Amino acid sequence: MVEHVYRHRVRYRECDPMSVVYHAHYVDYFEAARTEALRAQGLPYKTLEDAGIIMPVVEMNVRYHQPARYDDLVEVTVRFPETPNVRVITEYEVRRAGEEPILVAGRVVLCFFDTARRRPVRAPQQLLDVFEHATP
Amino acid sequence: MVEHVYRHRVRYRECDPMSVVYHAHYVDYFEAARTEALRAQGLPYKTLEDAGIIMPVVEMNVRYHQPARYDDLVEVTVRFPETPNVRVITEYEVRRAGEEPILVAGRVVLCFFDTARRRPVRAPQQLLDVFEHATP
Amino acid sequence: MVEHVYRHRVRYRECDPMSVVYHAHYVDYFEAARTEALRAQGLPYKTLEDAGIIMPVVEMNVRYHQPARYDDLVEVTVRFPETPNVRVITEYEVRRAGEEPILVAGRVVLCFFDTARRRPVRAPQQLLDVFEHATP
Amino acid sequence: MVEHVYRHRVRYRECDPMSVVYHAHYVDYFEAARTEALRAQGLPYKTLEDAGIIMPVVEMNVRYHQPARYDDLVEVTVRFPETPNVRVITEYEVRRAGEEPILVAGRVVLCFFDTARRRPVRAPQQLLDVFEHATP
(Lines give C-alpha, C1' and ligand atoms only; values in the text may rest on other atoms or scores of the structure.)
Protein backbone atom coordinates (compact mmCIF):
# COMPACT_ATOMS: atom_id res chain seq x y z
CA MET A 1 0.00 0.00 0.00
CA VAL A 2 1.23 3.45 -0.86
CA GLU A 3 0.68 6.13 1.79
CA HIS A 4 1.78 9.74 2.00
CA VAL A 5 1.16 12.80 4.15
CA TYR A 6 0.81 16.15 2.42
CA ARG A 7 0.88 19.36 4.46
CA HIS A 8 -0.96 22.50 3.43
CA ARG A 9 -1.45 25.92 4.96
CA VAL A 10 -5.07 27.07 4.60
CA ARG A 11 -5.22 30.26 2.53
CA TYR A 12 -7.52 33.23 2.85
CA ARG A 13 -8.96 32.69 -0.62
CA GLU A 14 -10.02 29.19 0.44
CA CYS A 15 -12.18 30.38 3.32
CA ASP A 16 -15.79 31.44 2.99
CA PRO A 17 -18.00 33.82 5.01
CA MET A 18 -18.40 31.08 7.66
CA SER A 19 -14.61 31.61 8.14
CA VAL A 20 -13.94 27.98 7.32
CA VAL A 21 -12.54 26.24 4.25
CA TYR A 22 -15.18 26.21 1.50
CA HIS A 23 -16.09 22.56 0.98
CA ALA A 24 -15.00 22.33 -2.66
CA HIS A 25 -11.39 23.19 -1.84
CA TYR A 26 -10.72 19.92 -0.05
CA VAL A 27 -10.95 18.36 -3.50
CA ASP A 28 -7.96 20.48 -4.48
CA TYR A 29 -6.09 19.32 -1.38
CA PHE A 30 -6.78 15.72 -2.43
CA GLU A 31 -5.27 16.35 -5.87
CA ALA A 32 -2.12 17.83 -4.36
CA ALA A 33 -1.83 14.95 -1.89
CA ARG A 34 -2.04 12.14 -4.45
CA THR A 35 0.31 13.99 -6.80
CA GLU A 36 2.93 14.36 -4.07
CA ALA A 37 2.40 10.71 -3.02
CA LEU A 38 3.32 9.55 -6.51
CA ARG A 39 6.24 11.97 -6.71
CA ALA A 40 7.57 10.61 -3.39
CA GLN A 41 7.47 7.15 -5.01
CA GLY A 42 9.55 8.42 -7.91
CA LEU A 43 6.69 8.78 -10.39
CA PRO A 44 5.55 12.38 -11.00
CA TYR A 45 2.08 12.41 -12.51
CA LYS A 46 3.55 14.58 -15.25
CA THR A 47 5.66 11.60 -16.38
CA LEU A 48 2.50 9.62 -17.02
CA GLU A 49 0.91 12.50 -18.85
CA ASP A 50 4.01 13.06 -20.98
CA ALA A 51 3.70 9.36 -21.90
CA GLY A 52 0.17 9.97 -23.14
CA ILE A 53 -1.75 8.64 -20.13
CA ILE A 54 -4.20 10.96 -18.41
CA MET A 55 -6.16 10.07 -15.31
CA PRO A 56 -9.71 11.44 -15.26
CA VAL A 57 -11.62 11.34 -12.00
CA VAL A 58 -14.64 9.02 -12.27
CA GLU A 59 -16.02 9.14 -8.74
CA MET A 60 -15.60 11.22 -5.61
CA ASN A 61 -17.06 10.93 -2.10
CA VAL A 62 -16.39 13.34 0.72
CA ARG A 63 -17.63 13.47 4.32
CA TYR A 64 -17.22 16.67 6.29
CA HIS A 65 -16.92 16.23 10.05
CA GLN A 66 -15.30 19.42 11.32
CA PRO A 67 -14.14 22.50 9.46
CA ALA A 68 -10.56 23.60 8.91
CA ARG A 69 -10.03 27.30 9.46
CA TYR A 70 -7.95 30.11 8.03
CA ASP A 71 -4.21 29.68 8.56
CA ASP A 72 -4.59 26.14 9.91
CA LEU A 73 -1.76 23.83 8.96
CA VAL A 74 -3.55 20.71 7.76
CA GLU A 75 -2.20 17.26 7.04
CA VAL A 76 -3.80 15.25 4.27
CA THR A 77 -3.04 11.55 4.55
CA VAL A 78 -3.56 9.79 1.24
CA ARG A 79 -3.68 6.02 0.80
CA PHE A 80 -3.86 3.86 -2.29
CA PRO A 81 -5.50 0.81 -0.66
CA GLU A 82 -5.07 -1.60 -3.55
CA THR A 83 -3.00 -2.15 -6.68
CA PRO A 84 -4.60 -0.24 -9.60
CA ASN A 85 -6.15 -2.15 -12.45
CA VAL A 86 -8.57 -0.32 -14.75
CA ARG A 87 -9.10 2.15 -11.93
CA VAL A 88 -7.07 3.49 -9.06
CA ILE A 89 -8.69 4.15 -5.70
CA THR A 90 -7.36 6.88 -3.43
CA GLU A 91 -8.50 7.62 0.13
CA TYR A 92 -7.93 10.76 2.18
CA GLU A 93 -8.05 11.96 5.75
CA VAL A 94 -7.60 15.63 6.62
CA ARG A 95 -6.45 16.63 10.11
CA ARG A 96 -5.00 19.68 11.77
CA ALA A 97 -1.26 19.04 12.08
CA GLY A 98 -0.57 17.20 15.32
CA GLU A 99 -4.22 16.56 16.13
CA GLU A 100 -6.16 13.31 16.04
CA PRO A 101 -9.70 14.15 14.87
CA ILE A 102 -10.45 13.65 11.20
CA LEU A 103 -11.89 16.89 9.83
CA VAL A 104 -12.72 15.60 6.38
CA ALA A 105 -12.53 12.14 4.82
CA GLY A 106 -12.63 11.44 1.12
CA ARG A 107 -12.32 8.86 -1.60
CA VAL A 108 -11.48 9.61 -5.23
CA VAL A 109 -11.48 6.99 -8.00
CA LEU A 110 -9.58 7.70 -11.20
CA CYS A 111 -9.23 5.76 -14.44
CA PHE A 112 -6.58 5.70 -17.15
CA PHE A 113 -7.06 7.11 -20.63
CA ASP A 114 -4.65 6.79 -23.54
CA THR A 115 -4.72 10.12 -25.36
CA ALA A 116 -3.20 8.73 -28.57
CA ARG A 117 -5.53 5.73 -28.87
CA ARG A 118 -8.37 7.78 -27.38
CA ARG A 119 -9.68 5.04 -25.13
CA PRO A 120 -9.55 3.83 -21.52
CA VAL A 121 -6.64 1.55 -20.70
CA ARG A 122 -5.32 -0.42 -17.76
CA ALA A 123 -2.91 1.08 -15.26
CA PRO A 124 0.44 1.73 -16.97
CA GLN A 125 3.39 -0.47 -16.00
CA GLN A 126 5.24 2.49 -14.46
CA LEU A 127 2.45 2.87 -11.93
CA LEU A 128 2.22 -0.86 -11.23
CA ASP A 129 5.96 -0.86 -10.53
CA VAL A 130 5.38 1.72 -7.81
CA PHE A 131 2.93 -0.58 -6.07
CA GLU A 132 5.10 -3.66 -6.45
CA HIS A 133 7.99 -1.93 -4.73
CA ALA A 134 5.89 -0.16 -2.14
CA THR A 135 4.02 -3.22 -0.87
CA PRO A 136 5.91 -5.16 1.78
CA MET B 1 -40.43 17.90 -4.48
CA VAL B 2 -38.55 21.03 -5.42
CA GLU B 3 -36.79 20.93 -8.80
CA HIS B 4 -34.92 23.59 -10.75
CA VAL B 5 -32.71 23.86 -13.83
CA TYR B 6 -29.70 26.15 -13.66
CA ARG B 7 -27.81 27.07 -16.82
CA HIS B 8 -24.11 27.85 -16.88
CA ARG B 9 -21.60 28.68 -19.60
CA VAL B 10 -18.32 26.81 -19.02
CA ARG B 11 -15.50 29.30 -18.51
CA TYR B 12 -11.88 29.08 -19.61
CA ARG B 13 -10.64 29.23 -16.02
CA GLU B 14 -12.71 26.12 -15.24
CA CYS B 15 -11.00 23.95 -17.87
CA ASP B 16 -7.81 22.03 -17.30
CA PRO B 17 -5.03 20.85 -19.63
CA MET B 18 -7.28 17.94 -20.74
CA SER B 19 -9.47 20.79 -22.14
CA VAL B 20 -12.40 19.69 -20.00
CA VAL B 21 -13.96 21.08 -16.85
CA TYR B 22 -11.70 20.32 -13.88
CA HIS B 23 -13.66 17.91 -11.69
CA ALA B 24 -13.80 20.13 -8.59
CA HIS B 25 -15.71 22.87 -10.40
CA TYR B 26 -18.90 20.83 -10.74
CA VAL B 27 -19.19 21.30 -6.99
CA ASP B 28 -19.40 25.04 -7.63
CA TYR B 29 -22.11 24.46 -10.24
CA PHE B 30 -24.06 22.48 -7.63
CA GLU B 31 -23.91 25.38 -5.17
CA ALA B 32 -25.19 27.82 -7.79
CA ALA B 33 -27.98 25.42 -8.80
CA ARG B 34 -29.37 24.85 -5.31
CA THR B 35 -29.08 28.56 -4.50
CA GLU B 36 -31.09 29.50 -7.58
CA ALA B 37 -33.61 26.71 -6.86
CA LEU B 38 -34.36 28.24 -3.47
CA ARG B 39 -34.48 31.76 -4.90
CA ALA B 40 -36.99 30.57 -7.53
CA GLN B 41 -39.11 29.33 -4.62
CA GLY B 42 -38.96 32.76 -3.01
CA LEU B 43 -36.34 31.92 -0.40
CA PRO B 44 -32.87 33.29 -1.16
CA TYR B 45 -30.26 31.42 0.86
CA LYS B 46 -29.09 34.82 2.05
CA THR B 47 -32.40 35.24 3.90
CA LEU B 48 -31.64 32.14 5.96
CA GLU B 49 -28.13 33.31 6.66
CA ASP B 50 -29.33 36.78 7.67
CA ALA B 51 -31.64 34.96 10.12
CA GLY B 52 -28.63 33.23 11.66
CA ILE B 53 -28.95 29.84 9.98
CA ILE B 54 -26.00 28.58 7.97
CA MET B 55 -25.98 25.34 6.00
CA PRO B 56 -22.67 23.49 6.09
CA VAL B 57 -22.15 20.64 3.64
CA VAL B 58 -21.81 17.31 5.45
CA GLU B 59 -21.53 14.88 2.58
CA MET B 60 -20.91 14.97 -1.16
CA ASN B 61 -20.89 12.28 -3.82
CA VAL B 62 -20.12 12.84 -7.49
CA ARG B 63 -19.95 10.48 -10.46
CA TYR B 64 -18.28 11.66 -13.64
CA HIS B 65 -19.55 10.05 -16.84
CA GLN B 66 -18.55 12.40 -19.63
CA PRO B 67 -16.69 15.70 -19.52
CA ALA B 68 -18.14 19.12 -20.24
CA ARG B 69 -15.88 21.25 -22.39
CA TYR B 70 -14.91 24.89 -22.74
CA ASP B 71 -17.80 27.15 -23.78
CA ASP B 72 -20.39 24.40 -23.41
CA LEU B 73 -23.74 25.64 -22.17
CA VAL B 74 -24.60 23.17 -19.41
CA GLU B 75 -27.85 22.58 -17.58
CA VAL B 76 -27.70 21.52 -13.97
CA THR B 77 -30.95 19.96 -12.79
CA VAL B 78 -31.21 20.05 -9.01
CA ARG B 79 -33.81 18.13 -7.01
CA PHE B 80 -34.65 18.16 -3.32
CA PRO B 81 -36.10 14.62 -3.13
CA GLU B 82 -37.57 14.87 0.35
CA THR B 83 -38.69 17.40 2.93
CA PRO B 84 -35.68 18.51 5.02
CA ASN B 85 -35.47 17.57 8.67
CA VAL B 86 -32.08 17.78 10.40
CA ARG B 87 -30.52 17.50 6.96
CA VAL B 88 -31.43 18.49 3.46
CA ILE B 89 -30.57 16.23 0.53
CA THR B 90 -29.91 17.71 -2.90
CA GLU B 91 -29.34 15.77 -6.12
CA TYR B 92 -27.85 17.00 -9.38
CA GLU B 93 -27.61 16.03 -13.03
CA VAL B 94 -25.41 17.96 -15.43
CA ARG B 95 -26.13 17.85 -19.17
CA ARG B 96 -25.20 19.84 -22.22
CA ALA B 97 -28.18 22.09 -22.98
CA GLY B 98 -30.63 20.22 -25.18
CA GLU B 99 -28.85 16.88 -24.90
CA GLU B 100 -29.94 13.74 -23.05
CA PRO B 101 -26.78 12.13 -21.65
CA ILE B 102 -25.90 12.88 -18.06
CA LEU B 103 -22.34 14.15 -17.94
CA VAL B 104 -22.04 14.32 -14.17
CA ALA B 105 -24.36 13.25 -11.36
CA GLY B 106 -24.05 14.41 -7.78
CA ARG B 107 -25.60 14.40 -4.35
CA VAL B 108 -24.87 16.94 -1.63
CA VAL B 109 -26.21 16.71 1.92
CA LEU B 110 -26.29 19.84 4.07
CA CYS B 111 -27.27 20.43 7.67
CA PHE B 112 -28.53 23.48 9.56
CA PHE B 113 -26.49 25.37 12.12
CA ASP B 114 -27.71 28.18 14.35
CA THR B 115 -24.88 30.70 14.55
CA ALA B 116 -26.25 32.43 17.68
CA ARG B 117 -26.85 29.24 19.67
CA ARG B 118 -23.78 27.64 18.07
CA ARG B 119 -25.37 24.27 17.50
CA PRO B 120 -27.07 22.16 14.82
CA VAL B 121 -30.79 22.70 14.47
CA ARG B 122 -33.70 21.35 12.45
CA ALA B 123 -34.69 22.86 9.12
CA PRO B 124 -36.07 26.37 9.68
CA GLN B 125 -39.79 26.92 9.14
CA GLN B 126 -39.15 29.21 6.16
CA LEU B 127 -37.55 26.32 4.33
CA LEU B 128 -40.26 23.85 5.34
CA ASP B 129 -42.84 26.28 3.97
CA VAL B 130 -41.15 26.08 0.59
CA PHE B 131 -41.57 22.32 0.54
CA GLU B 132 -45.14 22.41 1.74
CA HIS B 133 -46.12 24.72 -1.09
CA ALA B 134 -43.96 23.03 -3.71
CA THR B 135 -45.26 19.49 -3.16
CA PRO B 136 -48.46 18.73 -5.02
CA MET C 1 -16.00 50.70 -29.85
CA VAL C 2 -17.37 47.40 -28.62
CA GLU C 3 -19.19 47.50 -25.29
CA HIS C 4 -21.15 44.88 -23.38
CA VAL C 5 -22.73 44.40 -19.97
CA TYR C 6 -22.36 41.03 -18.29
CA ARG C 7 -24.44 40.18 -15.22
CA HIS C 8 -23.27 37.83 -12.50
CA ARG C 9 -24.70 36.66 -9.21
CA VAL C 10 -22.00 36.58 -6.50
CA ARG C 11 -21.55 33.02 -5.23
CA TYR C 12 -20.74 31.84 -1.73
CA ARG C 13 -17.49 30.24 -2.86
CA GLU C 14 -16.34 33.64 -4.13
CA CYS C 15 -16.66 35.35 -0.75
CA ASP C 16 -13.97 35.39 1.90
CA PRO C 17 -14.06 35.70 5.70
CA MET C 18 -14.55 39.49 5.30
CA SER C 19 -17.89 38.43 3.69
CA VAL C 20 -16.97 40.17 0.46
CA VAL C 21 -15.81 38.91 -2.92
CA TYR C 22 -12.19 37.77 -2.68
CA HIS C 23 -10.20 40.17 -4.84
CA ALA C 24 -8.88 37.58 -7.30
CA HIS C 25 -12.36 36.58 -8.44
CA TYR C 26 -13.04 39.87 -10.21
CA VAL C 27 -10.45 38.66 -12.71
CA ASP C 28 -12.77 35.73 -13.45
CA TYR C 29 -15.69 38.12 -13.91
CA PHE C 30 -13.58 40.05 -16.43
CA GLU C 31 -12.94 36.89 -18.45
CA ALA C 32 -16.64 36.05 -18.56
CA ALA C 33 -17.52 39.63 -19.55
CA ARG C 34 -15.11 39.88 -22.50
CA THR C 35 -16.07 36.38 -23.68
CA GLU C 36 -19.76 37.29 -23.70
CA ALA C 37 -18.98 40.64 -25.37
CA LEU C 38 -17.36 38.83 -28.29
CA ARG C 39 -20.15 36.24 -28.43
CA ALA C 40 -22.72 39.07 -28.58
CA GLN C 41 -20.80 40.37 -31.61
CA GLY C 42 -21.05 36.97 -33.28
CA LEU C 43 -17.52 35.83 -32.51
CA PRO C 44 -17.26 33.24 -29.72
CA TYR C 45 -13.70 33.13 -28.38
CA LYS C 46 -13.85 29.40 -29.02
CA THR C 47 -14.01 30.10 -32.76
CA LEU C 48 -10.67 31.88 -32.57
CA GLU C 49 -9.17 29.09 -30.53
CA ASP C 50 -10.49 26.44 -32.93
CA ALA C 51 -8.74 28.43 -35.68
CA GLY C 52 -5.46 28.13 -33.78
CA ILE C 53 -5.34 31.60 -32.20
CA ILE C 54 -5.07 31.82 -28.43
CA MET C 55 -5.11 35.07 -26.48
CA PRO C 56 -2.77 35.10 -23.48
CA VAL C 57 -3.14 37.90 -20.95
CA VAL C 58 -0.06 40.12 -20.90
CA GLU C 59 -1.06 42.79 -18.41
CA MET C 60 -3.74 43.36 -15.82
CA ASN C 61 -4.56 46.32 -13.58
CA VAL C 62 -7.35 46.40 -11.03
CA ARG C 63 -8.50 49.08 -8.60
CA TYR C 64 -10.81 48.12 -5.76
CA HIS C 65 -13.09 50.90 -4.52
CA GLN C 66 -15.94 49.12 -2.71
CA PRO C 67 -16.58 45.44 -2.15
CA ALA C 68 -19.32 43.36 -3.73
CA ARG C 69 -21.04 41.05 -1.26
CA TYR C 70 -22.58 37.58 -1.23
CA ASP C 71 -25.64 37.24 -3.45
CA ASP C 72 -25.19 40.69 -5.00
CA LEU C 73 -26.21 40.86 -8.64
CA VAL C 74 -23.30 42.68 -10.26
CA GLU C 75 -22.97 44.20 -13.70
CA VAL C 76 -19.63 44.13 -15.40
CA THR C 77 -19.37 46.65 -18.22
CA VAL C 78 -16.58 45.76 -20.61
CA ARG C 79 -15.25 48.08 -23.30
CA PHE C 80 -12.73 47.51 -26.07
CA PRO C 81 -11.58 51.14 -26.43
CA GLU C 82 -9.60 50.72 -29.65
CA THR C 83 -9.25 48.42 -32.63
CA PRO C 84 -6.86 45.58 -31.76
CA ASN C 85 -3.49 45.36 -33.45
CA VAL C 86 -0.80 43.21 -31.86
CA ARG C 87 -2.69 43.57 -28.60
CA VAL C 88 -6.25 44.04 -27.54
CA ILE C 89 -7.11 46.31 -24.63
CA THR C 90 -10.18 45.61 -22.52
CA GLU C 91 -11.56 47.81 -19.73
CA TYR C 92 -14.02 46.90 -17.00
CA GLU C 93 -16.31 48.53 -14.48
CA VAL C 94 -18.14 46.47 -11.87
CA ARG C 95 -21.30 47.85 -10.27
CA ARG C 96 -24.21 46.49 -8.29
CA ALA C 97 -27.11 46.14 -10.73
CA GLY C 98 -29.01 49.40 -10.90
CA GLU C 99 -26.48 51.37 -8.84
CA GLU C 100 -24.07 54.06 -9.97
CA PRO C 101 -20.90 53.63 -7.89
CA ILE C 102 -18.06 51.70 -9.48
CA LEU C 103 -17.03 48.94 -7.08
CA VAL C 104 -14.06 47.70 -9.05
CA ALA C 105 -12.37 48.97 -12.22
CA GLY C 106 -9.97 46.96 -14.32
CA ARG C 107 -7.95 46.81 -17.48
CA VAL C 108 -6.71 43.62 -19.11
CA VAL C 109 -4.41 43.54 -22.14
CA LEU C 110 -4.21 40.38 -24.22
CA CYS C 111 -2.09 39.41 -27.22
CA PHE C 112 -2.57 36.91 -30.04
CA PHE C 113 -0.57 33.73 -30.39
CA ASP C 114 -0.65 31.33 -33.33
CA THR C 115 -0.43 27.84 -31.86
CA ALA C 116 0.61 26.20 -35.15
CA ARG C 117 3.39 28.68 -35.98
CA ARG C 118 4.18 29.05 -32.27
CA ARG C 119 4.61 32.81 -32.33
CA PRO C 120 2.77 36.05 -31.57
CA VAL C 121 0.66 37.39 -34.42
CA ARG C 122 -1.54 40.37 -35.18
CA ALA C 123 -5.25 40.39 -34.41
CA PRO C 124 -7.00 37.90 -36.70
CA GLN C 125 -9.26 39.28 -39.44
CA GLN C 126 -12.37 37.78 -37.79
CA LEU C 127 -11.78 39.97 -34.77
CA LEU C 128 -11.01 43.07 -36.83
CA ASP C 129 -14.30 42.53 -38.68
CA VAL C 130 -16.11 42.75 -35.35
CA PHE C 131 -14.60 46.17 -34.70
CA GLU C 132 -15.24 47.44 -38.19
CA HIS C 133 -18.93 46.63 -37.92
CA ALA C 134 -19.28 47.73 -34.32
CA THR C 135 -17.83 51.24 -34.79
CA PRO C 136 -20.38 53.80 -35.96
CA MET D 1 12.96 46.22 3.54
CA VAL D 2 11.22 42.92 4.13
CA GLU D 3 11.84 40.23 1.51
CA HIS D 4 10.80 36.59 1.35
CA VAL D 5 10.81 33.73 -1.14
CA TYR D 6 7.77 31.46 -1.26
CA ARG D 7 7.91 28.19 -3.19
CA HIS D 8 4.88 26.62 -4.81
CA ARG D 9 4.29 23.54 -6.94
CA VAL D 10 1.94 24.33 -9.83
CA ARG D 11 -1.22 22.21 -9.54
CA TYR D 12 -3.32 20.66 -12.28
CA ARG D 13 -6.37 22.64 -11.26
CA GLU D 14 -4.39 25.86 -11.82
CA CYS D 15 -3.63 25.09 -15.47
CA ASP D 16 -5.90 25.95 -18.36
CA PRO D 17 -6.36 24.43 -21.83
CA MET D 18 -3.21 26.29 -22.99
CA SER D 19 -1.48 23.97 -20.44
CA VAL D 20 -0.17 26.95 -18.53
CA VAL D 21 -1.15 28.56 -15.23
CA TYR D 22 -4.40 30.49 -15.70
CA HIS D 23 -3.51 34.15 -15.20
CA ALA D 24 -5.78 34.75 -12.20
CA HIS D 25 -4.01 32.16 -10.07
CA TYR D 26 -0.81 34.19 -9.76
CA VAL D 27 -2.86 36.49 -7.57
CA ASP D 28 -3.34 33.54 -5.22
CA TYR D 29 0.40 32.91 -5.24
CA PHE D 30 0.93 36.54 -4.26
CA GLU D 31 -1.38 36.18 -1.26
CA ALA D 32 0.46 33.09 -0.06
CA ALA D 33 3.84 34.78 -0.54
CA ARG D 34 3.04 37.92 1.48
CA THR D 35 1.36 35.85 4.19
CA GLU D 36 4.44 33.65 4.57
CA ALA D 37 6.70 36.72 4.47
CA LEU D 38 4.92 38.18 7.49
CA ARG D 39 4.90 34.83 9.28
CA ALA D 40 8.66 34.53 8.73
CA GLN D 41 8.97 37.93 10.46
CA GLY D 42 6.99 36.62 13.42
CA LEU D 43 3.69 38.25 12.53
CA PRO D 44 1.07 35.87 11.11
CA TYR D 45 -1.60 37.83 9.25
CA LYS D 46 -4.10 35.99 11.43
CA THR D 47 -2.72 37.84 14.47
CA LEU D 48 -3.66 41.15 12.88
CA GLU D 49 -7.09 39.88 11.96
CA ASP D 50 -7.67 38.52 15.47
CA ALA D 51 -6.81 42.02 16.69
CA GLY D 52 -9.55 43.46 14.50
CA ILE D 53 -7.43 44.72 11.61
CA ILE D 54 -8.21 43.42 8.12
CA MET D 55 -6.21 44.32 5.03
CA PRO D 56 -8.33 44.76 1.89
CA VAL D 57 -6.55 44.92 -1.45
CA VAL D 58 -6.97 48.34 -3.07
CA GLU D 59 -4.86 47.98 -6.19
CA MET D 60 -3.21 45.23 -8.18
CA ASN D 61 -0.97 45.28 -11.24
CA VAL D 62 0.40 42.20 -12.97
CA ARG D 63 2.61 41.77 -16.03
CA TYR D 64 2.85 38.35 -17.65
CA HIS D 65 6.11 37.64 -19.47
CA GLN D 66 6.32 33.86 -19.73
CA PRO D 67 3.95 31.18 -18.53
CA ALA D 68 4.56 28.73 -15.70
CA ARG D 69 3.48 25.19 -16.55
CA TYR D 70 1.95 22.21 -14.81
CA ASP D 71 4.17 20.74 -12.09
CA ASP D 72 6.70 23.57 -12.27
CA LEU D 73 8.24 24.46 -8.94
CA VAL D 74 7.97 28.25 -8.86
CA GLU D 75 9.58 30.77 -6.54
CA VAL D 76 7.66 33.89 -5.68
CA THR D 77 9.90 36.64 -4.32
CA VAL D 78 7.90 39.20 -2.39
CA ARG D 79 9.27 42.57 -1.27
CA PHE D 80 7.76 45.27 0.90
CA PRO D 81 9.73 48.22 -0.57
CA GLU D 82 8.79 50.79 2.05
CA THR D 83 7.47 51.10 5.60
CA PRO D 84 3.66 50.95 5.56
CA ASN D 85 1.63 54.00 6.47
CA VAL D 86 -2.02 54.12 5.43
CA ARG D 87 -1.18 51.56 2.79
CA VAL D 88 1.28 48.76 2.37
CA ILE D 89 2.92 48.10 -0.99
CA THR D 90 3.99 44.59 -1.94
CA GLU D 91 5.94 43.59 -5.05
CA TYR D 92 6.32 40.14 -6.57
CA GLU D 93 8.51 38.28 -9.02
CA VAL D 94 7.68 34.73 -10.08
CA ARG D 95 10.43 32.48 -11.45
CA ARG D 96 10.94 28.78 -12.04
CA ALA D 97 13.08 27.53 -9.14
CA GLY D 98 16.75 27.97 -10.00
CA GLU D 99 16.11 29.98 -13.16
CA GLU D 100 16.72 33.67 -13.81
CA PRO D 101 13.90 34.88 -16.09
CA ILE D 102 10.96 36.57 -14.44
CA LEU D 103 7.78 34.82 -15.59
CA VAL D 104 5.33 37.17 -13.93
CA ALA D 105 5.79 40.43 -12.01
CA GLY D 106 3.18 41.98 -9.78
CA ARG D 107 2.39 44.73 -7.33
CA VAL D 108 -0.42 44.62 -4.79
CA VAL D 109 -1.37 47.54 -2.54
CA LEU D 110 -3.39 46.87 0.60
CA CYS D 111 -4.87 49.17 3.22
CA PHE D 112 -5.82 48.69 6.86
CA PHE D 113 -9.36 48.58 8.14
CA ASP D 114 -10.46 48.49 11.75
CA THR D 115 -13.45 46.13 11.92
CA ALA D 116 -14.65 47.42 15.31
CA ARG D 117 -14.48 51.12 14.41
CA ARG D 118 -15.50 50.33 10.82
CA ARG D 119 -13.05 52.67 9.20
CA PRO D 120 -9.63 52.76 7.52
CA VAL D 121 -6.69 53.15 9.89
CA ARG D 122 -2.91 53.49 9.74
CA ALA D 123 -0.64 50.46 9.80
CA PRO D 124 -0.84 48.80 13.22
CA GLN D 125 2.18 49.07 15.49
CA GLN D 126 2.80 45.31 15.31
CA LEU D 127 3.41 45.63 11.59
CA LEU D 128 5.57 48.72 11.95
CA ASP D 129 7.70 46.82 14.46
CA VAL D 130 8.40 44.22 11.78
CA PHE D 131 9.75 46.88 9.46
CA GLU D 132 11.79 48.59 12.15
CA HIS D 133 13.57 45.36 12.97
CA ALA D 134 13.85 44.18 9.39
CA THR D 135 15.45 47.32 7.98
CA PRO D 136 19.23 47.49 8.42
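The first chain written gets the first letter, and so on, giving A, B, C and D; residue counts start at 1 in each chain.
We take it that contacts are C-beta pairs under 8 Å (C-beta built on N, C-alpha and C of every residue); 3 or more make two chains touch, one makes a residue touch a chain.
Nothing here was measured: the structure is a model prediction, and the numbers come from that model.
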Item to check | Those chains which touch chain B and also touch chain A | outcome: C, D
Checklist entry - Does C-D or B-D have more contacting C-beta pairs? => result C-D
Checklist entry - When the centre of a chain is set as the mean of its C-alpha atoms, what distance in Å lies between chain A and chain D? => result 27
Next on the checklist: I'd like to verify one number: the distance from the centre of chain C to the centre of chain D, where each centre is the average of its C-alpha atoms, in whole angstrom.
Outcome noted: 24
Checklist entry - In whole angstrom, how far does the Cα centroid of chain B sit from the Cα centroid of chain D? => result 34
Checklist entry - So which stretches of chain B touch two or more other chains? => result 12-13, 17, 24, 28, 31, 49, 70
Checklist outcome for this item: Per the touch rule, the chain A residues reaching chain B in their complex are 17-18, 20, 23-25, 27-28, 31, 49, 54, 56-64, 67
Next on the checklist: Can you tell me which positions in chain D touch chain A when the two form their complex?
Outcome noted: 9, 11-13, 28, 31-32, 35-36, 44-46, 49, 70-71
Next on the checklist: Using the touch definition from the top, list the residues of chain D that touch chain B in their complex.
Outcome noted: 12-13, 15-17, 19, 22, 24, 70
